[in-house]
Amino acid sequence: MVIADPIYYIVLPLLTAFLLPLFGKLYKPLIGIIPGFVFLFLAYMSVILMIDIRPDNPIITKIAGWTPPFGINLVFSSFSGFIASLISIMGFLIWAYSYKFKKVGFDDSLKYFILLLLVVTGSIGIVLTGDIFNLFVFLEITGISAYALTALYRGRDGAEAAFKFLLIGAFASSMILLAIILLYTQVGTLNMAEISVRMHEVDLKIKVLIFILFFVGFGIEAEMFPLNGWVPDAYSQAPGPIAAVFAGMVAKAGIYALVRIIYLMFDLEGAFHLLLIMGVITMIIAEVVALRQEALRRMLAYSSIGQMGLIMIAFSFNTEQGVFAAIFLMFNHAIIKSLLFLTTSFLVYNTKTKLISDLDGFGKKMPLVSLLFGLGAFAIVGLPPFSGFWSKLYVLIAAANQHMEVIIALILSVSVVEIIYYFKVISRLYFRKASEEIPIQKPSLNSSIVMIVLGLIIISVGVYPDLITGLIENATTSLLNKDLYIEKILPGLAEIIN
Amino acid sequence: MSEQIKEKETLEALTKTFEKVNGIVQRDKRVIVETDAEIIPGVLLYAKERLKFTHFSHMSCVDWIENNQFELVYILWSPEDKIQLIIKCVINREKPIIQNIDNIWRQANTYEREIREMFGVEFEGLIGAKEFILEDWDDIPPMRKDFDTKEYSSKHFFDRPGREDAKDVRTVITERSGEEIPDFAKKYSRD
Amino acid sequence: MMNSLFLLLFILFGSAILSYIGHRISETLGNIIVVVGAFSASIWFFVGFETPAEFSYKIADFDALWSFSSYSWIFAALVSILSPLALLYSTSYMKGKERLGTFYFNFFLSILGMIGITMSQDFISLFIFWEIMTWSSYLIVIYLGKDVEKVGIKYMIFSAIGAYALLMGIVLINREVGSLLIEDAFAYFPQIQFSTQLLIGILLLIGFSIKSAMMPLHVWAPGAYSNSPMSYTAVFSGALSKMGIYGLGLVFIRLLSSGEFTLINEIFAWAGAITTLMATFYAIIQDDAKKLLAYSSIGQLGYIIVGVAIGTELSIMAAIYLAILHAAFKGNLFMAIGAVEKQTGSTDMTLVTGLIRKMPLTFFSTLVSIIALAAVPPLGGFVGKWMLYQSLLASEHFFLIIVIFTASTAAFLYSFKILYSLFLGQEEPEFKNIKEAPLPMLIPMILLSLFLIVTGTFPGILFEPIANGMKYLGFNDVNWNMSLLVNAWGDEVNLQHVSMYIGTIFIVAFIFISLKNRKRTRYVTTKDISTSGEIPLPHENLSFKLNFYKPFERAISPVMKKTMDSIYDEIGNGLNALFQFIRYIYSGNGQGYALYVIIFFVLLLLLKNQIFGL
Amino acid sequence: MNWSLILGITITIITAFTVGMFYGGISRKVTARIQNRVGPPIWQNFLDVLKLYSKESAIHHGWMQHLGPLWAITASTATLMFVPILNNGQFYQNLNFSGDLIFLMYMMVFGQLGMALGAGQTGNPNSAIGVSRGLSQMVGYKVPWLLALVAIMVQYKATSITGLIELQNQIGWLMFASPFAFIAGLLAFIGMMHYSPFDIVFAPSELASGPPSEFGGKYLGLMMTSGSIFTFAKLVLFVDVFLGGASNILELLLKTFVIYMIPVIYGIVSPRYRTEQSIRYFWGWPTFFGVIGMLYAWYMIS
Amino acid sequence: MIEKKDSLAIGEYIKNFARKHSLFVLAYGTGCGAIEIPPTMTSRYDAERFGIRGAATPRQADVLLITGYLATKTLKRVIRVYEQMQDPKYVIGFGSCTINGGMYWDSYNTINSLDKYIPVDVFINGCMPRPEAVISGFVKLQEYIQEGKADGWRKYQNNIEEYRENQKRIIKNWRMPDYNL
């Protein structure tokens, strides 16, 4: 029996990241293998933990034995656990995908794996932590490693993208830090549960100011319009698997943090309206812009933003169905968008210009990759019987139950736009003659397996959504039941204060 | 009697430009020039482009069998100056070849094809130089003066014998009505 | 023990997979699998189980129920008859094409989708099957790789709009009714607020009418019908479009039955009628046989929409009857044109000519289908049209009847054009060595032709299942004779007399004209015509083909100036320009993005009172 | 077998043929007289048909041409069979109980389609042009014709001709009861007769007689037979619908003759339309009258 | 009692009667004589009272009216038209040119005797014959038809080789399809 404790999520990859150069000194291939074992362990641990976890018994780990609110604690609840598991499993899959992918030499590989480990650490940390300052720390870890990953190829474009990312990320950091300082001056604690309890003491104006700072700061990570200028560049310049990391982990962690502060810490009604409006705007603008893109990865990046907008919309309903739909969407988006980015990196690798117009006839040249790309595209636009359909359906049902017919119409109109640009790519892949014969880099076995696994997940969830709905329902309950969360972390505190 | 200014100007322009052109102003609004067969396209083009003889009225061929020559006649008309310009040239009857001008006036093609078929004049690079009016013709070109149409007719077609008394129809009529054949008609009589 | 309905889908899905694999191995093996799979599914459908078989399950917290109602059974039967014939035809038609595995995979999936739609008694599985049908048909539409951007995307956009309208309606039903079972929806629908009822109704109608190519939502159809391989178009136009009709029937008769929606009925009836008229006009001016038939399909579907939208007993009956017949004759026509295409390599009516002596059987089946299409009495098309007119007369839709009658008359124009241009006229030396289509292509055509001939004289054969279906829709006492048509006022048409009389006179006259001067009646070639004594040279073809209906075109030119296509194009261009403008928000400038962040932050601060209600 | 029915049918066909032929002859005679000619005898058409049947050779360009005239005669006699010739005559009853107006409208096109196919197979461009014109014009005159008939069908709630005749025995001729429908119907009927100015189909000087240009001998004879029967059938139909039918053969002849003379005389003094002019003509005033008739019918029933 | 022979004779009589009173004329109007046809057909002389009317195409026609001279080129078309007509069919040679070439008797491109190439039932002489003469010619043809003497079409069938030989002297490049003989 392996010891399963959420602390390993943080400790293990962090430690490995720092020790990896040493391993590299010992035996060079170890730098690839060791992270794999770490990710495998994390994924395995996630499964073990998720089996037992219920909304009413979150696992709370106190770091260094300090009890909250004085010490930092990690909370592995149904919701955070679900996202953490998702991230760790995605981490493992991306490692498996990129294990042999990098042929860039020892130094670059070392950097790549260290940064990958750090990103995973940061993302999981954001998800699991119960301390607002700790969250900021993890956010910085994620951010910095993400900037570095963006510029991994050390090209001009990569550097530019990383710079943009850095610039805007700096805004995010400073705003969040400012917000935390303000918050600390008001409530005198950094524990999120206690903040939540004490929030009503804060003056409304200051509360709103803090909220806005948080909102903008996390909005940047969550790819909210107009704070998402870094996204297209970062996604398109980073190495292929890293784009998947951004879509599957960083963005998820960002939206997670945003949702946590909205749902847990602030009890502002306007926050939900704001989230709804921003979600709608983000979604519409991103999808419309995606339609006009010529480079495949930029298109996917904008599509990713659009999906994030949809997730925001779903969260903004503040109902059980809405949250359910949103979490389902997060899951689907992580899986499907990762698949799309992973396949795309092969497609784009084999073209000269990275443009969609260069993809003619790839269905014949790279049958597996094209097929999986098509599958991903079908899934993400929400065609049944693939998993994307169900999440979209739940969003619509949630919207319908809120009597938001206009929102439904908007979501569906945007879906039409989505269909147009995805099907444009598919029709090029399959129904055009290839212009010239270029030697093709075939996907290696491990990457193929990873992509097939993702594809199978998409199909099986699509055909039998009940596979995943149970977990998501638990997660929903866990997120919405704020009092339970507080009670579990700080037993009795609520009564004391009130 | 007008001054024939434009006519003279035209003639002058032509003779000055081309050495081998000479001609006269025949009457009002008509200029006749003769030239060499080699420079015919040049003269025509000059007349068309510079002297505004934009209208190609007609083109024909004359068989001067005595001189062993074909004479080709091009008739142009200037709608602006209201002058007719007749350009003539002669070619050898034994070797009747001349440059075609259907790239100057498309409609000249029809005339050229007809002349080709009827006189046997070859036009270099003529578009559609194939059977035109005559079908299945296997004799010498019929408009040449050495072609005997009577002989051809009696050889190929069935001459119907006249009536049994073989009298001229005029004689029969005069006999019937008791009148004399008028003098002017006598020379046509078969008897 | 596997459920019989599930097994039906399983056979289809299995055939899809197996034919894909089979075609990867060898074409013959694949073809055998295709034919066996298609026919076994069809046979299983007809003899394998009793109609009331049921299969209920829960998927993602929604109740789902599969079962054939007597109404949906008609449409399922339509699919089950037409699709194996089309697949049999396809084995020969598609010979030697690339990626046959993919083609047949999608073909089977779309059949599965159609069967699934008809067996779904809940909206969620209906929608899932609907979408499966849509994307599999999309993949076939662009299969040949022609006009992928234009036709394929257009089809997909309109399908998506339709499907999403449907989805929105379904979601709203779920909210109001709390269940997605179709029966529940019917039962609780009248209790819903009127405006919501209206919204749901319109959404569902839009969703369904897009598939049945109703103007102004038809623009995808001509391209999609003519672009896919003809063997699929036979099913596409014959059966797949009927899924829209199926849905329209459900919505009009069962859902919007309260009598407050007559305006919608009228609007849809008029839309159907105008669809018919305009599509017929467009069919007349086409020069490509496929395009012509595509427009003709739209036109014929217009009649059916009119019938469904009017919603009286007779009109529904007419609509279903016409739907069945349309499947038969349009399937047959597309197959025949496909045969011409296969044998000559073209369907351009200005090029292909004089095939009657080369492909007599193809001509025969085209002729029979055209007679049915043009609703000329001895064949079945007349019965459907007759019922439709009678229902319109009885329900006092005067001008509607004029419009569709005019369209029906105008349909003669293109009917003749397609027969004349392809099969009649002078023979072309280029097509000297053309052979009759191969047997797998002929058998389906001949079978469908026989079906049309029989149903013309004895429409009662079809009336029985239709009457069953009508019971599901709430018309209980439908009672029709084998071949006697009676309208609301007691006037009747006795088809048996008609057929007998026509048959007799035809035979008598035939004997007379054939025996008279039999020895000195000769066949001469079509080059031997009186053209002022001139002899057409072998390479000269005097058939009058180009601008065949130019005078008619001139006469109707005022209404043809602005097409729906051009309107949509204008909208599309406008949106494109707008999108291009929006695109420049992402300028790619880092400082700009930073500025956005600051502006956004400041804006939020400024608007905080409005947002947070301070 | 029902021998009396067969006898009746035979007699009807013979009557229709005879009357149609004589009407054709009369129209030629009238034309001639108007043009200050003597003109052929009124039985001239019989001689023409007889001569055509007595031709000793015939050619066809294929089976469709062979069947075309057959198709035409089948359709024209069928049309005749389902029209009540006399109101209550036993002999001319035929099969009129088993057809109605809508049926007849389609039946009338049946022959034209067959003819068109036959003409199409000849490969003669003139035939095809004629067919193209004919079908186009058909769409033209069908509109007012339909408006007229539908107005009547709607107003009197009957689609069967027998029913309409019975009705007219009570309320008088529909010509007066529904005047606008009658005008529309009459104008459309003029077009249906294919006399000048609507003779664009046959247009001898333009199209060398159009569709029949490759038909000779027995085929042309059969077509002329069919044409005369069809003319009669159309006349009887018109009389039945608008003029209250006829109770005896004399009345029938009188009424049909009057109706027949209208297009004939109108035609003699008219030049020929172009196709699109013809179509637009029918979609102009006749359609206008038809719409008025329809509105009138609507007003009457509501 | 009518015997079989008589009944055949009666049938023949009726047929000939119909034929003679219904003459559909295809005017081959390339010669100058064509100008005489309109007055013949219209109100002044009104040939229609004899049952004579124009036919639009050779398939429908009974009488081929050759109005005037025939060039070698047009002869080919005349032969073709004649062969496209249905039996029984008649030819009227109209004007001197069809008889002996008329004023074109020595022309290199005009044939002289029409009846060497196709059988002519009636010649109408004159240059040009007036409408009265034309009608008289038609009446003569009607008489011949009634008597059964207008059998040029049968003669053509029987002596086809001879006619072909003559025709091929003019039309050297014989590429006409075979027609109904």
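By letter and in written order, the chains are A, B, C, D and E; residue numbering begins at 1 in each of them.
By definition in this document, a residue touches a chain if its C-beta (ideal position, glycine included) is under 8 Å from a C-beta of that chain, and two chains touch if they have at least 3 such contacts.
Given the structure is predicted, the values throughout are model-derived calculations rather than measurements.
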Touching both subunit B and subunit E (chains): none
Connectivity without subunit A (remaining chains kept where they are): one piece
Smallest count of steps, each to a touching chain, taking subunit A to subunit C: 1
Farthest chain relative to subunit E (centres taken as mean CA coordinates): A
Taking each chain's C-alpha mean as its centre, the one farthest from subunit D: A
Pair joined by more contacting C-beta pairs (D-E or C-D): C-D
Centre-most chain [mean C-alpha coordinates]: C
Whole-Å gap separating subunit A and subunit D, where each centre is the average of the chain's CA atoms: 79
CA centroid of subunit B to CA centroid of subunit D, Å: 60
Distance between chain centroids, defined by C-alpha means - subunit B, subunit C (Å): 69
Multi-partner residues of subunit C (at least 2 other chains): 520, 522, 524-525, 527-528, 530
Contacts with two or more other chains, residues of subunit E listed in rising order: 57-59, 76, 87, 180
Interchain contacts (touch definition) - all pairs: A-C, B-E, C-D, C-E, D-E
Subunit A-facing residues of subunit C, complex: 59-61, 124, 127-128, 131-132, 134-135, 138-139, 142-145, 148-149, 152-153, 156-157, 160-161, 164-165, 167-168, 171-172, 174-175, 199, 576, 578-580, 582-583, 585-586, 588, 590-594, 596-601, 604-605, 608, 611-614
Complex contacts: residues of subunit E adjacent to subunit B: 72-73, 76, 99-101, 105-113, 116, 166, 169-173
Residues of subunit C touching subunit E in the complex: 520, 522, 524-525, 527-528, 530, 532-535
Residues of subunit D defined as touching subunit E within the complex: 28, 32, 35-41, 44, 47-48, 50-51, 54-59, 204, 207-209, 212-217, 220
Touching residues on subunit A, where the partner in the complex is subunit C: 160, 163-164, 167-168, 171, 175, 204-205, 208-209, 211-213, 215-216, 219-220, 226-227, 229-230, 232-233, 268-271, 273-274, 285, 288-289, 291-292, 378, 383-385, 389-390, 393, 396-397, 399-401, 405, 408-409, 412-413, 415-416, 419-420, 423-424, 427-428, 430-433, 464-466, 469
